[in-house]
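In the two assemblies presented below, chain A is common to both, partnered first by chain B and then by chain C.
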Partner chain A sequence: MPFSAPPAASGERYALSASLDNARHLSSLLRAVHFQDHATCLATASGLRVTVEDAKCIQANAFIQAEIFQEFSVQEESVMFRISLSVLLDCLTIFGTSSLPGTSTALRMCYRGYGYPLMLFLEEGGVVTVCKINTQEPDELLDFDFCSTKVVNKIILQSEGLREAFAELDMTSEVLQITMSPDKPYFRLSTFGNAGSAHLDYPRDSDLMEAFHCSQTQTNRYKISLLKPSTKALALSCKVSIRTDAQGFLSLQYMIRNEDGQICFVEYYCCPDENITEAEL
Partner chain B sequence: MKCVIAGGNVKGERGLGPGERSVPAEPCLTPHTLSSSPVLGRAVHSLSRIGDELYLEPTESGLSLRAVNSSRSGFASFLFAPLFFQLYEPGSAGPETELFRCKVHMKSFLGIFRSLPSLEKSVGKCLILLKPRASRLVLQLHCKYGVTKTHNLAFQECERLQAVFDTQSCASHLCAPARLLADAVVHFPPMLAEVTLGTGPGGKISLRNYVEDEAEPSKTMVTELWLAEDEFQSVAVTPGSHITFCLKEFRGLLSFAEASNLPLTIHFDEPGRPMIFTLDDTVLEVHLVLATLSDLQSNSQSPSTNGVSHLPAPSDDFADDLESYMVAMETGEGDSERAPSPTFPLHTPWPAQREPEEEKEEEGAVPGTPPHKKFRSLFFGSVMTPGRPGVATTQEVLAEDSEGES
Partner chain C sequence: MRFRAKIVDLACLNHFSRIVNTIAKLAKTCILRLTVCKLYFILSDKVANGGASMWCELSQGNFFDEFQMEGAAAEHNEIYLELVPENLSRALKTAQNAKAVKIKLTNKHCPCLRVAVELPSLSISSRIVTHDIPVGVIPRRMWNDFREPSVPDFDVSIYLPVLKTMKSVVERMKNLSNFIVIEANLNGEMNLKIETDLVSVTTHFKDLGNPPWASEDGCPSSAQGRDLESMTEACIDIKKLLQLLAGQQVNPTKALCMIFMMGQSDFTDDTKLGRMAIGPDGHAIIQHKLDRLKKWADKNLGKFRKEKFKALYLVRNNSIHHYMLRLTQLESNLSEKDLGVLMDAKLDMSK
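Entry: the complex of A and B
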């Protein structure tokens, strides 16, 4: 159940204040992008965006729109800070990660602004925990400049078809090669590991394929270690859209339905691997 | 070589590609075996309990998958008859060339069939294609939703891997439903290495964990269970006989037998001679051959030991033949271990009376890994080093693991 925190001293209002009946709506999405310790949070009137980056090659964003929250208010146009995602997740799940049906942790989040810590008030079964997490100067984020007009190939797949494939990816391969084409093999995931090569082909007329818009044959390789964390997002999602642009940048967008049936999104952007070597067949 | 394995209960399977013949669609399967791809997967899992390399040998009578353990004391083979496959083309053997055979890393092959439930649920057809010129073994799984998984595995050419054994020459035979044996072995600790099968009064069959002589009786747990003759489908045993074999390797076959619901036949003879487990089906023949612990007191065939007396065996009868003696010399560091109990010879009929020169036959199939450690753990560990899991650990070491002792 939501509850209100005491108002800020001297009548100031919080730069960001939000209430959420079920903290899992937030924590499960954050886990889907938790492959680095730190994240950059951006709060705007539309909601909260949490960004994690690695190696200047990969960026993951979790979007929790304002409508998911019971209360969501941002004073300025936007509020941005860097925070330890590991600590944030530990706090959000302080009452444990497994839940009995019918119980949930209620959350109230307050941020007074630049230089202040993020305050979390968590309540479950009458027990209240107050957390104060230090914030830092936000990092400059990568801009993949990925917009729908630049998309060369796009497919939308039901996540069910990819989950097992991603979970069983041959991690002895350095790269994951993605081929998208209007002709055979249409959509192919390939690895080149110690045992040999493996290819996973999805035909365009497969039941799993919700949309298939490939205009050009493209084959791109991405460092598998960078993409592997996206498996978490895939596991939560019901659908995934896979898009590439002319430079071979990859956009993976996952549609996630939370416990209450509301839709949230997680996206991953990845640069193609520069060391191009001949693909084995 | 090319073969296609029919799938199970998978909808939306694509048709055969160009160049692939199909046979009439009814499953070429007996009531025992259900969908074929999971059967192949389970066979691979079973074989992975034996060795690190999977040998593939296409023959006219079917595709044989085999494995041998590093100490050459365990061998398993699964022969899938042509009828098991929707399509089976072993390839052509010329007058001077044999049918192509190869071996692959077990891990790589196992990785393809790792998840048995998903094999059952989502894999339809499985195509196995050997491409000698590209040096690739191609495994293609046709899955649900039209998805195709293609694995191109590197392989190595190899010599024929064959253990010679003869079930007819065994004195004792037992046939039991897999369930019975599975229920029996569940009582033994998972890490237990050896177990002794014995025949007792009234036709009862006993199973008992093997305990080495040096272990202190008061600190060792012994588990023994008796099975009545009528629980078996057939019993033809020498009364008062017993035989000790490696349980770990047997468990792999047992899971397969249980899943396939096939009765298991056990053939054994005197201690020291190989024990053979077989499963039979119209489309599948499975053999597991395990070396057994030789009896200290037994007078098994005294070999020509070449008078290599610096192996301080408690009795020379321990080594049954020259070949295992040679193995012991290769494997026994410092020459101070007791002679191993015999491995069954490869390529030679049992009992062995052959010359050392004939060993060249097995060179081709010798795996790179030195066998001695594992070998020791099978037959030395139990005798030399008490305190392994499964037996009550003793604080003191009763047998030093080095020179000059017995």
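Entry: the complex of A and C
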């Protein structure tokens, strides 16, 4: 049962107030983008977006739509703050991560506004935990300017096809090279590690391939250490869309179905390490 | 100095193993004290503040089929040994299906506890696995360091919540802070709190129940007339608390928490002479308080017919005012020094 909103002092409304029957719907998604300690949260009428960045080259976003919440209200047009993601996750999972069937942690989240801490109220089995996490000034976020009109190549795959590949990436390789082409090899993942190079090809007529729209042959390299955290999002997802634009920027979008069957998205954007856009196989 | 003992019953053996496993998780080295009727596992914390100590008392008759000991001298018929409980725990691991386990004190090259495990075998002769666990014999002049702790009046006692939930919460809190505040009142409410610059988290447990105390000794007289809602708190090292919660393998039927405040009087009712007499090392505690506690235990815990042993685990806090938290769990008997964890065993056995 969701909590009723604790009244704010002096009758003010909360800038952000949300209720969720099962906190795991939020915590599992946040774990998929937890590769840095801090995250920027943006709340708008459509939902919550949590952004994590690293090295000015990679950005991950977790989207939890307002519909996932039992209650979600944002007073101003948007509310934004920076918060420690590690602390937030520790609080959301305060009653443990292993879930007994039928038990779930109920969550209520309240944020008074700029300068105020984020308040979390979690309840499981009659035990209530109240958390107060200090927030900070939001960072300026990278804008990859990745819109669908600029997409050169796009593939949608079923995640199970990629999971093993990503879990076993040769981490001694500095880069992950992604080749997408209307001709062979269609879609290739390559690494160049201490033991040698490894290439993994996915044919366009494979069962795992849900959509294949490649107009140009592109080969791009990305720092493997930056992309490795996306494996967490891949593990949770059922489908993944892989897109590149003319500059070789990579967009990975993961469609994740939560315990109740609702759909959420996580996306990773990454800058290329070197740019080799000419036809090169 | 002689000691030999034998366990034949598998259930007793398993229970004894679980207790030793729990002790092994709580202390790297400890003292094993043997008397005619009892065994004790003692961890005496020499650190003045912020440490943990433990006292576990087992009635030998509840575990051993044979138990003979003889101290160095007739008037001091006790043996004190220093050992690493992990070694004993490992030896007992091999005894999961044993026919019998014999423990004997030997002195071939150096003093050892010889654990001989007789395992079933297909042939007529049994297989015997022997473990020699090195022990140090504690000379009599040092026995005073390990005497039974005296227990001050507690300010509040409360039953603990489901340990699994408490453990999950404390585990998470450990990531956020080094110290945890445990507060409880006489209304069955307990809170676990951590507070740092970055975050503060409070977990509220309700409807836990407070154990009834014998009133004739005036033990809870400090509690009478006190506001039921007012909280008594203790601030302790979170790692020590987690060590206790994570390491325990005996599943208690009930766990009790008692909070003692020493050297401070924020209560408006009469401060008892006993409490004022309390010094940092507890020596000034009047002995009869301990007797009162024992009487209470016998009276209230006696209903657990098969009670085999008691345990007490103590954690001191780091500030000058010695806050002590005492958790009582039914099943393992740890010393009731600071963090009172009193565990009473409840075994369903014919013994």
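One rule holds for everything that comes next: the second predicted complex is superposed on the first by the 272 of 281 C-alpha atoms of A that agree within 3 Å, B and C clash if a C-alpha of one lies under 4 Å from a C-alpha of the other, contacts with A are read in each partner's own complex, and residues count from 1 in each chain.
The working rule: a contact is a pair of C-beta atoms (placed from the backbone, for glycine too) under 8 Å apart; a residue touches a chain by one contact, two chains touch by 3 or more.
None of these values were measured; they are calculated from a predicted model.
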Clash-or-fit label for the pair chain B, chain C on chain A
fit
Considering only the touch criterion stated at the top, classify A:93 as touching first (chain B), second (chain C), both, or neither.
second
Touching A:73 in the superposition: chain B (first), chain C (second), both, neither?
neither
First (chain B), second (chain C), both or neither: which does A:218 touch?
neither
Rounding in steps of 10 degrees, give the angle chain B-chain A-chain C taken between C-alpha centres.
70
If we overlay the two complexes on their shared chain A, which of chain B and chain C does A:128 touch? Say first, second, both or neither.
second
Superposition result for chain B with chain C: lowest C-alpha separation, Å, rounded to 6
Help me check something: in the complex, which residues belonging to chain A touch chain B?
161, 164, 168, 170, 194-203, 205-208, 280-281
Which residues of chain C touch chain A once you look at their complex with the stated criterion?
161-162, 164-165, 168-169, 171-173, 175-176, 197-207
Which part of chain B faces chain A closely enough to touch in the complex?
12, 14, 105, 107-108, 111, 114-115, 118, 122, 136, 145-154
In the complex, go through chain A and note every residue touching chain C.
84, 86-87, 90-91, 93-96, 124-134
